[in-house]
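Here come two complexes built around subunit A, the first alongside subunit B, the second alongside subunit C.
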Partner chain A sequence: MNTKILKYILFELLRNKFIILYSLILMVMSFSIIYIGQDSSKAVITILNLILFIVPLICLIFGTIHFYNSKEFIQFLLTQPVNRKSIFRAEYLGLSISLSLGFLIGVGIPVMFYGFLLSGMYLVLTGIILTFIFTAIAFLSSVINKDKVKGIGLSIIIWLYLTIIFDGLVFLIIYFFNDYPIDKFIIILTSLNPIDLGRILMLLQVDISALMGFTGATFQKFFGSFIGMAISAVFMLLWIFLPLAVSLRMFKRTNF
Partner chain B sequence: MIFKLHYIVFTFIIFIIPGPVLCKDIIVCPDCEIRSVKEAISQSANGDRIIIKKGIYTENNLSIDKEIEITGEDFPVIDLEFKYQGFIIKSNNVKISGLEIRNISVNYMTDLSAIKVENSENCVIENNVITDTFFALYLANSDGCLIKNNKISCRAMSESSSGNGIHLWKCNNITIEYNETTGHRDGIYFEFVKKTTITANYSHNNLRYGLHFMFSDSNVYRENTFRENGAGVAVMYTRNIEMTDNKFEDNWGPASYGLLLKDISRSLIKRNLFYKNTTGIYMEGCEQIQVEENEFKSNGWATRILGNCMNNKFTGNNFVSNTFDVSSNSSRSENIYSGNYWDKYDGYDLDRNGTGDVSYRPVSLYSMIVDKVPESIILLRSFIVELIDATEKAMPVLIPETLIDDNPKMKMIEYD
Partner chain C sequence: MIEIKELKMSYGKSRALNGINLSLEKGQVVALMGPNGSGKSTLLKSILGLVIPQKGKIFVNETDIANNYLYRTNIGYMPQIANYPENLKVKELFNIIRDIRNGSKEKDEELLEKFRIFEIYDKYFGQLSGGYKQRVTASIAFLFDPDILILDEPTASLDPLSTEIMKSKIIDSKNENKLIIISSHIISEMEELADRIVYLLEGSIRLNMNIKDIKNGSGERLGKAIARVLQSN
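The block that comes next holds the complex of A and B.
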């Protein structure tokens, strides 16, 4: 891989006003949530909701826009003797690392400042993994569509699907098939959505008492165990690498 | 006159002084004249005191039918070697203190115990250490006893092969305080026990219940701590109980309750702390219970009130960081909620009197859905759930109409 390109892209992005703004907004929100909320677990939950909502959206939209905007730069690089794979990787890593840094500063500092150690660590970890996942998806959607507007549209639809529609469908399935033993099926189903995975991993930290109820215990047993953690980690990684692999394939064949 | 004074002094000497002289101390130690507790008991008479020195005594079935006091110095060990049971107290005014009793046999026919009290009054069981028990202290049909400062532990493996720490059956006016029980089936178990005071005990890590009673009216429970018991605390079929300043903590599990109340009526539950339980209070068939000034913190379900509960009053409680504050299996509610603090309350207080101007409905639609379809717990804190709850809160259709707090507090209630 060409580290020079990565370095250039990274520093370029870190000076980007949008990422600084993103970081600042996250920081202001986290600080105010922690400051207003009287106790820590509630604050963690509120920040979690914020992260599950905002991080995927920002990564998708900003990722897509960034990809289209740097099209000329990519074209310029392609005239040089570097292969497409390393350009694509540098673009992806540059963007996801800078967004993660922005997130880390925006949420990590307030959380550490008020000393939520374990749940705070999970919170930051979840956010960073989600950043990597949704940047990958953003790249996929912008590689698929040549048209910028279509690409952004697809990103928004993916976001809408994963944050709201997917859970709605799960809800319906649970509601209609609750006479059957569907616990395991639901575990598999929720593993298919990275946002749900992140949410459940956080729930194991903050809502453990409720999860110990009748059915919750099954979920808790699975996601709380080492195997469950490992499987969710594998699914998360798949959510990064599958979109990346597909979009890299398409990127290699794209005729600029 | 002088003669008369002498006469009085003489009478004093005759009648008053000999009393204590007649009561003797019997000393038991591994190399004394009397080497076994059994022998000491058989040699003793009413009012005697048996002092057991440090050592290990392997004995069994020590039946006490005289009014004596047995005291241990530096915790002598009475080892029952898993053969049978320990002391059986059959007379009044017996005191046992300072002993370490261990290795009680498990028996499926008789309730073997370290100290059993049968049909007697005013016994005192104090400062004992009892380990590896089946039953530890077993009181049957007794009155006015004091059980204080005992440390009772066991390593029970299954509910069927284990006994209770402190077991009372058909007793009155017992005082139980500052005991610690752990590792039994039930930490403290009462059946038909009346007018008893239970103070500052610590019952933890028991297989089933930390405290379990049935048909035990008019008892008072104060300042006890029940922690990490298999199924928390369960109390049933009882009236007039008073539970104040207790702590119910860390009772986790599918069938675990901080406090399970079944068919309890006319009782007071005040200033208790419910912390990190799967369910804080579970009520079934309860009537006229006052739940006041309790703190519900970080529970899964703070209160789960079934539809067959009536006229219970929840006032001045703090509900903080619970996943669900109130849940019910019924769409109607006959209970009164007033003046509680709910951390999920988002109303306003224009006149600044500390009470919110809009009333609060503590049952969320999602909690009702979870009650009906437990699998949907997996969607907890997801966006769709927040959406459903927000919509329902704006236009309540499905959540119980009468379950409402008209005077929700704006700030957490401070107790002194």
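The block that comes next holds the complex of A and C.
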């Protein structure tokens, strides 16, 4: 029953012009970066940096707007003999799968076309996990706020915090506590930011320590590549399930 | 059919429902009336499970509706304004609803035919006017032949012809021994359709009487009669 509602929500979203546009922009971007012609791992890193910027932003903004626009439809579905959990799940999966497909086509095709097989696969994987994470966060911020403008505002603030402010804070901490053994602390801090986790997951694979930054280097030193990747992947999964669990709990109690 | 006991609900500091007790039997049309903000929508939405009341219980066909959803199989609902995803086809909406009900067969396609929904089956909701969307919503409410119909301002955005189709459908359903609850502002329409008036004011029921008893043979218009009874209470 779940999968059937999901199917139609997915159909509907895949016809959405915005998702098609998103996919096209990613594709043009990836092709041009590769075409400009640096060596392959540098091109992958450049694409990665853009993805870490764009994917969270698009998922947060589009996810939040989509949730508010679907409110009347969700309300309609809730008057049918179906429980709230199924509808929430269908809405979430519908949105994150369609955004992931947009991403897969937009970035996956160019990367595979030029034959970056392994690093390309990790790049796509990172992007898809980030899509699932930030769609979950978008749902959380929509469920918290009844008002659409506040919800979108909160999403923008979360994005600003995770992409810009967080890095600044980590830098400050490293700068001031340079003399102390803070490696472990930095690892814990990093797990608090899914974007950083995505970067580490990717960079440990590509293995360019120079581009890894402090947190990445610490991760590698501490865990070695494989375990480091496994740990960041686990933390990223937590970043999907925690916001989802909280928002589902709130969604069950929402008065429509 | 529907039994409401000591229902209380507030949003933040503002009280929406103030201890509602109401019992509604089948085979009648109940008009739920009252000014804006009197709690009509909250009451209807509580019956549907869209609003979760803080206190009190609601029984539909003797089942407590708290943490239950299957009872909604027996309820058809038509909201005041329905909005569907732009890129969804009308046909697909019907498929979703069929799938939710595990492929149970439509039993009552009368409105589907009279509102000529089949003609727009392949259109996207983004292409439809508000009136058409409302007609789709109406036909869905009646589609599975539910025992209870909850209609929130059903004729508000319908054209005159559709309004008449809707009215006769409501009367037919009543004669099929169903319970129809209508929330409406249009007194003349309720005079025509309803058997009973439930009047809400500031979250409390101020009046719950049969139209016959309200008028009491006085030959007044319904609006005037309601005002007289409200004043004398």
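Going forward, the second predicted complex is superposed on the first by the 236 of 256 C-alpha atoms of A that agree within 3 Å, B and C clash if a C-alpha of one lies under 4 Å from a C-alpha of the other, contacts with A are read in each partner's own complex, and residues count from 1 in each chain.
Simple rule for what comes next: a contact is a pair of C-beta atoms (placed from the backbone, for glycine too) under 8 Å apart; a residue touches a chain by one contact, two chains touch by 3 or more.
Bear in mind that the values here come from a model prediction, so they are computed numbers and not experimental data.
J.: A:196 contacts which: subunit B (first), subunit C (second), both, neither?
T.: Touch partner of A:196: subunit B, not subunit C.
J.: Figure out whether A:64 sits in contact with subunit B (first) or subunit C (second), or with both, or with neither.
T.: Once the two structures are laid over each other on A, A:64 reaches no partner at all.
J.: Identify the partner contact of A:52: answer first if only subunit B is touched, second if only subunit C is, both if each is, neither if none is.
T.: first
J.: Given the touch rule stated above, what does A:76 touch, subunit B (first), subunit C (second), both, or neither?
T.: Second partner only, subunit C.
J.: Which partner does A:126 reach: the first (subunit B), the second (subunit C), both, or neither?
T.: After superposition on chain A, A:126 lies in contact with neither partner.
J.: Of the two partners subunit B and subunit C, indicate the one touching more residues belonging to subunit A.
T.: Of subunit B and subunit C, the partner in contact with more residues of subunit A is B.
J.: Figure out whether A:41 sits in contact with subunit B (first) or subunit C (second), or with both, or with neither.
T.: first
J.: One more residue to check, A:167. First (subunit B), second (subunit C), both or neither?
T.: first
J.: In their complex, what parts of subunit C are in touch with subunit A?
T.: Residue list for subunit C touching subunit A: 11, 45, 48-52, 69-73, 75, 77, 79, 81-85, 87-88, 92, 95-97, 99-102, 137.
J.: Tell me, which parts of subunit B touch subunit A in their complex?
T.: 252-254, 256, 276-279, 298-301, 320-321, 323-324, 343, 369, 373-387, 412
J.: Can you list the residues on subunit A that touch subunit B in the complex?
T.: Where subunit A meets subunit B, its residues are 38-39, 41-42, 45, 48-49, 52-53, 163-164, 167-168, 170-171, 174-175, 178, 182-183, 186-187, 190, 196, 199-200, 202-203, 207-217, 219.
J.: Under the definition above, what is the set of subunit A residues touching subunit C in their complex?
T.: 1, 4-5, 8-9, 11-13, 15-16, 69-70, 72-73, 75-84, 253, 255-256
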